[in-house]
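In structure tokens below, several structures.
Each of the next two complexes has subunit A plus one more chain, namely subunit B in the first and subunit C in the second.
Up next is the complex of A and B:
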């Protein structure tokens, strides 16, 4: 049974309560640094930072509704060797799930790392965030985060409430709480006017939590119910999105239309936390064709769309990462031409992972399906032979 | 500068042309990018055909060659060598198969021709991106490891030792000889098994080039062809092999008796035992599971009586590592346990025996001293011999065990010979397969001895009598398919000719030595006809029944074959390693290690310093598992690079012009009129015919 503690929220300032908790963590003798989103001076930008000095925690803001990048790769970078001290990484559940996939690919490690998950109501995509900023005189700051969380908890985010909606990836996300995190900053089911929860769900988390000497809490079933209700809502949204996307991409022609605006900028690949290759095969000579080849292809059809290999690029990426896709939506966030790539990739990933009875990010112990050999698998495809 | 490609389209006599219009395909190829010349010819593999390619390389300055003909398996080497003779690196050659993949399997001529064009376009595309590759030479360690010392292992070890190479012969049993040591007579000549195998066993023990390790097992194998290391576990024998004289006093004094495996459960052995006084080595071993002293009970009798102080209860398991260049696996077979076939009552009826039990019954040093008697000690008046028990049976083994017909005939003869000619012997058979030298003659001889043959697989053996004659007998109930009626044959004894099957630990052994099992679970040879002793792992060879059921002559020949293969490598002292291995680009590899887990040959290691995966080229077989998984293309198989494969696919998928190109368009083959074409030796065909059976 996980043990739960609480942090007091004073004057309705939830972010301050979180900062208070982070301060306690940083004071622990085994913790040398805290990786967390942080408000920058520049135009309300929120970016992750590695914080080692307690006074810098005053700008730490894991609750900001901005999600400019999935930080899994940053944490991977920090944990792939000796870091000289213990690290606390404060991450969204989807970031943790991406990080779990990277661990399996030997890109990061749990050694000397405490994963702190934050209950996630979702975030705006970059465009939505900019619009919210503009409405607020180019500044959201910590106060903006507080008010966002309160509104989100009350279900008051969305067009109907005069605020832009959350990113579609977030609306379709059925994992608002991380099952892998050592410690969770629990917002859901808490009376945000007075307290937030700190939940420990691993021995590592328990050990650290007991050292912090926080006040015990009993969240009761309010928390479970709040999470359950949110997940149900999101699953319904997700399934409707899958249906819509499946229809829109049902044939090669439709898929080509769907991707028609793609300019092969590969931003979606760069933004993807689980696209971990050092060099993508699409920038190698494999896809650098001879001039006469282009002419040959053009002659065969009468016209050749340029740049070429667009559909092949997306299909290849689907093949390469759909077992690891955790649905964070950064691909769509990064697309300059508003192609709904997240919708397509989540659909492909969902079906692929379902086929392998695998769920990306569920557990570091679960081996990626293509890295293991099973003697009896997909007999309907292999001809029914054992 | 663009490549200069020559395309050569073969007719293969009438095998390809006219089903595939070879001249038309050659003409089509000339319009492909970078193709300088496209020719067709009756037999491209013949000397004039090869000369045509060589001359073009030299005169037209070709730097790439494509041949469209039979399967690369057949003639890739032929054409690669032709390129080599013309001074072209053999890896700048590409072969595409328009016979097996095209003319033989396509009914419509136009379709076949169109498919051949696609295949040629793909090959031409791909060959543009071939690199020059060079084979690498590795030294071969002269020593050989032979695993298993049954008759096959013994034969292989002796052959190799005679050639002057050192052999490490590892046997997991306490003595050598395998199943053959259990037999009495051997078909068809009826010479006694001991008389012919004991001298070989003694020769093994005395051969200075053989390091015999009994009661030992190979635990682990690492390395690659020519450079293997084997870790061998020497189990504790609890008997000092040097001090023990093999006097056998301990065997008489030991108070613990258990059923003997060697006697197939028909006799008893002591806790300290050896299979027979003729065992090699003839030093006993203590069975630690039943020995009183080793299980903490009071005893120590063997130690007390041993005149040479050879008993050592403190002996510990030891491991040693040997370096070898090649490995011969001769791990043998087991006979199927017929207990699950309840209809035959094995284990339920005293006088239902397996073939091996009957061998022991018949053996002069067996439990009855060689007397063929029933459980009650009296000789049988009638015996049923049931063939194909577990063989040729969909519920058990679909294959034929190949020896049962012959040993059944041997039993027929021995029963008549030893118990008397009045004894009625009934064979229940499906077919009689007497294909070996002297086998058919032996069948005739046994038939003349008055043995009864009933064609049919018995439904059951029962002790429920229906008539007074059946009282107290075993009744074999069967259909006689020649008479078309059911028969009930009362007998005193029934012998089940049980199937030969792979050892239960075969999957584990296969993994340890990096080889595969076939559908029948026996070890898989490289090629069923042309590579029956080699395996997919270079330097690992198969001898005897671990590859499939065999009789003694076949097992011995197979073993000599394996020995010759191992010697070929050992004697040459070096081996060419194919360059078509995987290579992982350290600049691109991100070190995810996925390929390491996927490599079936353990050929990839992780460089902890550079944090990248590295292929050991000597162990890599170029299978491409790593390349198929690696998303960035850091891992690629040389000669099968992503560039080459993608381009090949593009060529395959590109539409070919519909209108046939006129034949006159393409370069006329200089050989077209040369000589009577029928006289060109169709090398491909003779080889095919010989091996198609």
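Up next is the complex of A and C:
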């Protein structure tokens, strides 16, 4: 059913072609605002903005290789109730997948919303992006995004010679294209010197696309092949990462070593788009223990690591969010002590999602595994008895 | 050296397994004294973090036990518990906890003998298995 149109790329300026497309969307009578990452003057920071005026689109940049925040929670906030007009949200595939999980928890909605996915070659982590900027005289800007996309499409983004590689979460991400988006800004398999694709994959997307009256395109199988090749590469990276992490956390002692640097700042939870509790139990009085309790625990084993409840926190977090984890890697981005938490949470998520034959972010119709049950299932946990 | 005596924390539901435990006691059935019973209104309210906390704080194993499927006082709490135990098993075994350290059973209110048997069998299993993997580490 998917129909594809194209936007012309002039003078090798891919970002301008995307902005051109966003301008056409904003001009549509049903669209009141566009939520998109944009370049800020300050220190080359890239942050999302809700844009309602066409002249403000000149700094919009969904292609920037910077990913300081998973915007799912922001879009959830914008779609919780009446928005006074249609909204277009331009998001990375992992942001859309996180948003899909929030929809299932009634924390966001598709009502009045057009999801525009962007083909994602990945991004640098915060530290890596800063280093890349330093190499570029403290600015990357729109031109930096253009050259990043061209290099990434040619498979030339890699670590080495003082240049950082992409975030590990991105290298291990097997979802470079969103399965749920209404419209997709297609870069993969396109001849970026002359065009980018706009793909509609839902009736809502089709309707909007037809009103824009863009030129039709036939991506052929070049696009599918490009995506397939990238996914294969990333899956291989992911599986190697899982193996390495499983080995490093194979026993509770090893897991304790793995988490040794954790200071219970809970940044990984704050940055996590799918850690859904309004108030986290770990910041409540439940974990404000009495002094004599610490002494008791210490006496039992001769010593007690402080701060306490670190392992309990990480295991409980896995119990809460692992079935919804979409692997965006913001947890690792937010960790002040560089604990590879993304690797840990992704591994845990891979195990639990497989156990429930569930894939986070795949479809808004799929119920979260812990919100439903069958009369007869998982008899192995009760010793074979139903 | 004295034989290893495991500590087992058991979260039991008020309506079925707690009553069964009571029956086993009043009927003077022989049971291993290694179990610390925690009476819950329903297995459906056993939060995963209770189980994790127990295993990290010195318990060698955790038993969760409630009404048979279809008998839940709150209609479906035990089905929810089953999914949570499945989830916990996946998480904990991945980090080296033996799967026998977390057990879910259905024991009805009249099954005092079944409760005593479950407890005795579990204590025997855990004695064989040895102390919990996390009981020696200084991290909670």
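The rule is simple: the second predicted complex is superposed on the first by the 382 of 386 C-alpha atoms of A that agree within 3 Å, B and C clash if a C-alpha of one lies under 4 Å from a C-alpha of the other, contacts with A are read in each partner's own complex, and residues count from 1 in each chain.
We adopt the following convention: a residue touches a chain if its C-beta (ideal position, glycine included) is under 8 Å from a C-beta of that chain, and two chains touch if they have at least 3 such contacts.
The structure displayed is predicted, hence computed values, not measured ones.
Visitor: Quick one: is A:310 in contact with subunit B, with subunit C, with both, or with neither? Answer first, second, both or neither.
Guide: second
Visitor: Counting only touches as set out at the top, which of subunit B and subunit C does A:323 meet: first, second, both, neither?
Guide: The second partner, subunit C, only.
Visitor: Quick check for you: in the superposed arrangement, does A:106 touch first (subunit B), second (subunit C), both or neither?
Guide: The answer is first: A:106 touches subunit B but not subunit C.
Visitor: In the superposed arrangement, does A:355 touch subunit B (first), subunit C (second), both or neither?
Guide: second
Visitor: Would you sort A:281 into first (subunit B), second (subunit C), both or neither based on which partner it touches?
Guide: A:281 sits against subunit B and subunit C alike.
Visitor: Return the chain, subunit B or subunit C, that is in touch with more residues of subunit A.
Guide: C
Visitor: Regarding the shared-chain residue A:368, is it in contact with subunit B (first), subunit C (second), both, or neither?
Guide: It touches subunit B, and subunit C stays clear.
Visitor: Looking at the overlay, does A:300 come into contact with subunit B only (first), subunit C only (second), both, or neither?
Guide: both
Visitor: Using the superposition on chain A as set up above, list the residues of subunit A that contact both subunit B and subunit C.
Guide: 281, 300, 320, 370, 373
Visitor: Applying the document's contact rule, which stretches of subunit A touch subunit C when the two form their complex?
Guide: Counting only subunit A, the residues touching subunit C are 246, 249-256, 259, 281, 297, 300-305, 308-312, 315-316, 318-320, 322-323, 347-348, 351-352, 355-356, 369-370, 373-378, 381-383, 385-386.
Visitor: What part of subunit B is in contact with subunit A in the complex they form?
Guide: Listed in rising order, the residues of subunit B that touch subunit A are 33, 587-594, 597-598, 611, 629, 631-634, 642-643, 646, 650, 654-655.
Visitor: In the complex formed with subunit B, which residues of subunit A make contact?
Guide: 80, 105-107, 276-281, 284-287, 290, 292-293, 296, 300, 320-321, 368, 370-373
Visitor: Once bound in the complex, which stretches of subunit C touch subunit A?
Guide: Touch residues, subunit C against subunit A: 48-49, 52-53, 56-58, 69-70, 76, 79-80, 82-92, 94-97, 103-106, 133-134, 136-140.
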